[in-house]
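In what follows, structures are represented as structure tokens.
One chain, chain A, appears in both complexes that follow, with chain B as partner in the first and chain C in the second.
Up next, the complex of A and B:
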């Protein structure tokens, strides 16, 4: 566990660099985290982040496919928004736990 | 007479059938189990078939052998669940009413979800080992194969038994070493996840095994399509990996009846309360096993542990009490690592797999996240336990809820 000050708030992170508590998150923190990944957040990014946070709060496992079916972007579009590892990057910026398998 | 229907006679449905028939008086409750197939597959055994360790006969038995007396059995095709009317419509138009329904329809592979996967090379140079047909076809192929690039790819998460593809590459390494062609075989493990292992302790304890066995890991690869002509798999971000033989875990989805009945999420898993195991939408429907969308592994061991909780809660529901039993997502999986060794993980919703020992009265202890012979025997024994104890809903010396005994938090 590591604590950093982001957007004037003290935020704790796991060893993998994901926020430990999704409730500590706010939009300013998201902007800062996005900047660290060289991403400038636009409307579509925010919609995806909102979608992911909503699903996570409902206890649903997050998948690239479900974002692709969300009506916000298709899978290719999701990759364009968060190049390289869309689910990895978007969950990180959304303040959510790392999408993980059981091991 | 009141009625319970169990939909699906796989691991989960069969366990519940046995538990319920024992507990509920026959003059008050009819229990009906419905499945479209008559054969029970020991799916964990599919893993061993490509390497000639198990044969077809080792993994199949008639489903009916595991049903207790005094239940109704229907082997026929189903059409829809009508939850508002508490009934099930069969393909032939028959309607079966229920007071309580237990959905145990599992998850099936859907290769047709990936463009090109079921193309010209399907079962020629592209195989799954999640079905008996795929496992048998791969067995025949490996008998003749002289080497090249073996690519193990996972198309989508979640999929049942998350450790099975890892075990597959470990066993492949062992098999090609034994038959003397390992130096001609390159093995790649291609996953949509951020690594073969994603949890901190398991990564620390087990990722060395992949290196040791010279297995390449290609993470963050999310499969878009398979090109049969070029023999490559392509990801959404347009990376390509060429293969000589592709073994794949196709997209896993819930049963088509869930899709047709409009009762599932986007992968047709049924929204289920992760603690009570009751459907989130319908008070008289419970969900057991792979069919549920609960955030734990889709595994036989989970179905077994969850069955105890569901059983308690169903009895509570019947008596109009609150559902007090709470499932914790407990899973317990042996991981074959090749060379007659294995590892073991034990975890739940909250606790990642931790190192330590796993006490099992009379048999254990097993080594958690360790690579030992004893763990391999655990896996071998599991088949016997599956057929003789687990399916019959008998007591096992493992608590349904995860225990911290033997586990080490700070190792």
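Up next, the complex of A and C:
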């Protein structure tokens, strides 16, 4: 476990670089985390992050397929928003645990 | 995943699927999709009976089965082994196969066509084997639309080049 100061707040992370507590998250932290991944967040990104946080809070396991069916973006669009690993990057920026799903 | 290795990351996987039963096809699809999800380039190559998984002619790709004969790991939902003679009862294979599909759907594992769409959306590529196509008398138009091309084995090896590339035979 590692603690870093992000957007003026002390935030703890797991070894994988994911936030340990999704409740420590806020939009400023998300912006900083996105910058670390070279992603500039626009409206669509925010909607995806919101969707993921909502699903996680409801205890649903997160998959690429469920994002594709969310009505926010299709799967291709999801890959375009978070290039190189959409589910990994989006959950990281959304302050969620590393997804344990294989699909 | 506590101890991170210092190995250079995998860049490309070339996956060969030569069998047409549910579990072999899905092993290939899960591995290809898992690769593109991680930002790893993926090429999927279907050959021999694996061609069923990408054949829209006769809706073969939607009728994949799990063999109930000669499958010693097949169990009833309560964990008891299915005796081989029972696997041969008419309807047994169809029932088992639809149960498998239902269980996979619960885990958000999509049907074959949707799974291939997901892989292609992530930049993965799907190919068919020329030799097996000739053998099974299949034409390109018999195949699913997401199939990018029909390859010879030489062409397959050509696209399997580059450092940190792995060929996986499921």
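Note that in this section the second predicted complex is superposed on the first by the 100 of 103 C-alpha atoms of A that agree within 3 Å, B and C clash if a C-alpha of one lies under 4 Å from a C-alpha of the other, contacts with A are read in each partner's own complex, and residues count from 1 in each chain.
Definition applied: a contact is a pair of C-beta atoms (placed from the backbone, for glycine too) under 8 Å apart; a residue touches a chain by one contact, two chains touch by 3 or more.
Owing to the predicted nature of the structure, the values given are computational and were not obtained by experimental measurement.
A.B. asks: When the two structures are overlaid on chain A, which partner does A:35 contact: first (chain B), second (chain C), both, or neither?
C.D. replies: So A:35 meets neither chain B nor chain C here.
A.B. asks: Given the touch rule stated above, what does A:100 touch, chain B (first), chain C (second), both, or neither?
C.D. replies: Touch status of A:100: first partner only.
A.B. asks: Looking at A:75, would you say it contacts chain B, chain C, both, or neither? Reply first, second, both or neither.
C.D. replies: The answer is both, since A:75 touches chain B and chain C.
A.B. asks: Check whether A:59 is in contact with chain B, with chain C, with both or with neither, and answer first, second, both or neither.
C.D. replies: Only chain B; A:59 stays clear of chain C.
A.B. asks: Looking at A:4, would you say it contacts chain B, chain C, both, or neither? Reply first, second, both or neither.
C.D. replies: neither
A.B. asks: So which positions on chain A get touched by both chain B and chain C?
C.D. replies: In chain A, residues 15-16, 61, 63-66, 75-76, 79, 83-85, 88, 101-103 are touched by chain B and also by chain C.
A.B. asks: Could you list, by residue number, the parts of chain B that touch chain A in their complex?
C.D. replies: Counting only chain B, the residues touching chain A are 156-158, 162-163, 166, 192-194, 197-200, 202, 206, 220, 222, 224, 236-237, 265-267, 274, 293, 295-297, 331, 333, 335, 345, 347, 353.
A.B. asks: Quick check on the complex: what are the chain A residues that touch chain B?
C.D. replies: Residues 15-16, 59-61, 63-66, 69, 75-76, 79, 83-85, 88, 98-103 of chain A touch chain B in their complex.
A.B. asks: Within the complex, which stretch of chain C touches chain A?
C.D. replies: 1-2, 4, 30, 33-34, 36-39, 107-110, 114, 117-118, 121-123
A.B. asks: In the complex of these two chains, what residues of chain A are touching chain C?
C.D. replies: Within the complex, chain A touches chain C at residues 15-16, 61, 63-66, 68, 74-76, 79, 83-88, 101-103.
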